[in-house]
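Take a look at the structures listed below.
The two complexes that follow have chain A in common; it is paired with chain B in the first and with chain C in the second.
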Partner chain A sequence: MISRWMYISLVILFGFLLGPFVIIFMASFGANANLAFPPQGFTLDWFANVFETSQFIDSFWISLQLGLSSTIVSLVMGMPVAYALTRFQFAASGMVETVFSAPILVPGLVVGFAMLNFFVLLGDMHVMTGLFIGHTAILFPYSVRVISASLRNLDPYVEDAAVSLGANRLRGFLLVVLPNMQAGIAAAFVLGFITSFNNVPVSLFLSGPGVTTLPVSMLSYLEYYFDPTIAALSTLLVIFTVLLVQTAERVLGLSQFV
Partner chain B sequence: MIRRPNQTRTVILLVAPAFVFVLVFFVLPLIFLLSQSVLPEDGGFTLRGYVDFFQSRVSRVVYLRTLKLGLIVTGICVLMSYPAAFVLARMPVRRRSFLMSLVILPLMTNAVARTFAWLIILGRRGMINQTLLSLDLVENPLRFIFTETAIVLGLAQLFLPLMVLPLVSAMENIPNDVLEAARSLGANRLTTFVRIVVPLSSDGLVLGATLVFTGSVTAFVTPAILGGSRLLLMSTLLRQKAVILFDQHAAAVVAVVMILTTLAVNLLLRVLRVQQV
Partner chain C sequence: MPHLEIHNLTVSYEKNKPTLERFSLNVEQGELLSLLGPSGCGKTTTLRSVAGFIRPDAGRILINDRDYTRLPPNQRDIGLVFQSYALFPHLTVFHNVAFGLRMRRIPKKEVHARVANALKMVGLEDFSDRRPAQLSGGQQQRVALARATVIEPQVLLLDEPLSNLDARLRVDMRQEIRRAQQQLGITTLYVTHDQVEAMSISDRVVVMNQGKIEQIGTPEDIFAAPETAFVADFMGFDNHFSAAVESARDGKLTVNWGGAPIELRWHSKFSAPQPGTKAEVFFRADNARLSAGTEARGLAGQVILHTFHGNERRYLVETELGEFSIMQDSAGERFEPGAAVTVQAQTQKWIAIFEEMEQYA
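Now for the complex of A and B:
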């Protein structure tokens, strides 16, 4: 059934998907500043430049804080929603599901723009608070969906057994359900963190003077400079992501949740 | 199941915090946006903004270009992933899961990094121009950046995984027996693929097409880097109106048109999917 040209199409697909990464990788070690191809010579100067550019270092810390805090809050608030959706049957469940999947249906740039206008209306809001709210809102769909999937895999009778043996609902949840959901929670965490860490459209409008996320500061760097520093930074980010994703995949089987 | 006491109260308690958050910080801003698009700062309710949008040649060109490029990108993604997804779906599990993690990898890297590669490939001194020059095929470097081709390539690379993933999971569910039956009844490979595999994986196709198309028509980073202000799409037009021209009313109109477009596509393709079942 599988012919030779189908294998060729597989090679083309992966060439197209991964080729750009190979090119970024090569360019980040090249000595010529104008990004001519093929790169000449070998240098680590561009990597040094990444660490000497305070714009990147500052925004990296902001992205890290933002990713961690918005992922944690969206999980803590999303988990009860997932629990209600999977363990109870109620009239408004369809509406609840729609509301919590809405943030991925609306274009990110529009979300950021609408929030910015709204926050201006509300008055003085710290830039970081605005970014945090924006990221948390767009992470709900991921948290609720991944945690729901993980809860559906767990037999509700296990929990009922705990309750019939005398635990109350909360205790049953904390001592029986939660430990069984570790993989799902960790997968939701990794997925949420990466989504926040890489987001540009929502952050674009919500960023302010001095408070910018890493991808947005990469984008604005590109407006002024055209040299391999971005390639070096991208190489570092790819390595960071591969390590994170491979660990998550090996330990948790991340791809079944994406 | 054991009887759940106070069900309604429990559900409300569980859902309320996140629900209020999404309502206040997500739904309200969108309602405010909608009101901004029909209530200019100097006057009452009017649909003038929308009329202006569709009457202005510039914004009409931008809107149609955005839809056109979205369709082209979706088409390219379908053609590139269909046969390859079939090979992936028929692979032994171990090899498949390794290759699938490579498919997911680009999704996990930020769009700026991924789009940057196209500057190196398509730039004045980029890979393609250097190759053409050294083969004496052209005398002067060609301009690829700030063209529709560049945006299409960038977007296709960005969203290809979103087509491959649903296709592979739809094709995994096609039993081998069905394919063997078709072959033994005399269908050749191509007929089997077109008449059996394609209809049985159409769910994945529709889902993938929805994701790729809506992603392409709303993406910001790729058109910003590869199109710039010379070749605007809806997203870059929105940013231009809001940040450079400071016309919040016109920007709100662009934003609402973007929302309505993605909603329409989602609804249309959802109807398609329901009809097939």
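Now for the complex of A and C:
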């Protein structure tokens, strides 16, 4: 039985969390030329404008490519690390875990600035390569964490059981461990992709002429225009993210790993 | 010829601190042998060495006269049952049990027949489509047993298989494991820290301590006649005291008990002790009787503590030979803390152990 006060504070909390989305959502249909609330009239022009603005379309594809490639690479690199951290006790395992979570703990702006110094100013690196390395680095700890969680749920002796039944180590891993990591890997994929797709601070520093991610190009659009196009785009992104997470939750039970 | 031979096995995880030191053991064809001991005594290390997961520093392991010492674990033909069951969570009961047969590339038809047989043996023929998570602990361990035996291994190894089950289920599963083992006639090594479990399931028991064998024998032998103080303590001899041997003949020795001699047996493995030899006398809580007052023949004492256990009462009694824990039928007289009592020795099941014995053993 939820008491009245708990009920009220719950409503306030939800209002606080979801309110901005509601405002953005409504504003994206408003006919005013400036972002305003409450909106007046109804139009889908701003949505049309999103698809007509080449800056958004280009950066969307860059964000998509970047999200997919850096997520996949961070997963491939994170898997053996997660496996080693959960299966073996070694002298530096505590330190390794801390070092790998550093990009989560350090503010994004600092990470971005450090990478700017390292890749762009020192290395004269191609912008896309710099973005890819930067995103892979920030996703890597998420991959390690989420895959580790799925491995910790698995009895370490199942591998020994498989080996005692005649499988070599590799087959034991492929037939017994990997199938039980599947959900964790998929969860890490969704989480990683969303993290990369939404990232601003690191992308801000590593973007370059003609190569910008979607959130960064939204930010720069806002500097010149203050019309509901951004609200329309935000609405589209929220729908995209919610669908992605919903599907993942439905199919994989994402919440048990995060 | 023994079916499983372990020769001078030495395993160290840390330098100069061997977990097992020159450990030798023979297991006969079809025998169930328990390795019994406290945690850290080397019993699981022995088992994992036989399974091939630990590479020994020295020594040899032979099965059927074939050298297994350097053979990788997946080529050993050994069935393994774990404390945590270690079932494959993503596979059904059927596919769990079939796993070992698949690895051996057995034709599909035969796999079906053998899995069905194995599941029938453990009474789970109706559960073949379930996932492990849908089974109780006891059922999971049955699946693990079926999975380990369906491959008809040379040797079956069980590592504390009942420790995760509740007390009542443990007794049932014990009988079930024993029945299956005898039905299949499979040579079995059984690791446990529970002396009751070891005694009830085994043909022979090995009591281990600090990487060495303290005593090997039938459950009856070890229960009645421990050779060392460690075994006596581990096999549930609740009480012990030091005494000097007064005389020894005809297989009986005498020591002083409250001013009068009592006759005790010692392990037949050892020769008669000289008078004056220091002996450690062991007895269980239920092999002594209490009577009120100090007039009767026996050892005078005072009750310190009384606890009630349903069918019996347990008393802690302080005497000149030390504190003894003594069990009495709860239907009899009740003694309150502080009461003066006499402890009367019922010596048929008592045993005297000599210090020299331990050195010889």
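Just so it is clear, the second predicted complex is superposed on the first by the 253 of 258 C-alpha atoms of A that agree within 3 Å, B and C clash if a C-alpha of one lies under 4 Å from a C-alpha of the other, contacts with A are read in each partner's own complex, and residues count from 1 in each chain.
Going forward, contacts are C-beta pairs under 8 Å (C-beta built on N, C-alpha and C of every residue); 3 or more make two chains touch, one makes a residue touch a chain.
In this text the structure is predicted, and so the values were computed from the model without any measurement.
Just chain B (first), just chain C (second), both, or neither: which does A:D160 touch?
Touch partners of A:D160: chain B and chain C.
For A:N180 in the superposed arrangement: first (chain B), second (chain C), both or neither?
So A:N180 only meets chain C here.
Looking at chain A, does chain B or chain C touch a larger number of its residues?
B
In the superposed arrangement, does A:A36 touch chain B (first), chain C (second), both or neither?
Touch status of A:A36: first partner only.
Counting only touches as set out at the top, which of chain B and chain C does A:N168 meet: first, second, both, neither?
second
Between chain B and chain C, whom does A:I230 touch in the aligned arrangement: first, second, both, or neither?
Touch partner of A:I230: chain B, not chain C.
Would you check which partner chain A:V200 touches, where first means chain B only, second means chain C only, and both and neither mean what they say?
After superposing on A, A:V200 lies in contact with chain B but is clear of chain C.
Once the two structures are fitted together, what part of chain A is touched by chain B and by chain C alike?
In the superposed arrangement, which is not itself an observed complex, chain A uses residues 157, 160, 163-164, 169 for both chain B and chain C.
For chain A, which residues count as touching chain B in their complex?
1-3, 5-7, 9-10, 12-14, 16-21, 23-24, 27, 34-38, 77-78, 80-81, 83-84, 88, 90, 96, 99-100, 102-103, 105-111, 113-115, 117-118, 121, 133-134, 136-137, 140, 144, 156-157, 160, 163-164, 169, 194, 197-198, 200-201, 204-205, 214-215, 218-219, 222, 226, 230-231, 233-234, 237-238, 241-242, 244-246, 249, 254-255, 258
For chain B, which residues count as touching chain A in their complex?
1-2, 4, 7-8, 10-11, 13-15, 17-19, 21-23, 25-30, 32-33, 36, 80-81, 83-84, 86-88, 90, 97, 99-114, 116-121, 123, 125-127, 130, 156-157, 160-161, 164-165, 179, 183, 189, 192, 214, 218, 220-221, 224-225, 235, 238-239, 242, 248, 251-252, 255, 258-259, 262-263, 266
Which part of chain C faces chain A closely enough to touch in the complex?
It is residues 51, 53, 72-76, 78-80, 82, 84-90, 99-100, 103-104, 144, 147-148, 151 of chain C that touch chain A.
Touching residues of chain A toward chain C in the complex: what are they?
154-155, 157-158, 160-169, 171-172, 175-176, 179-180
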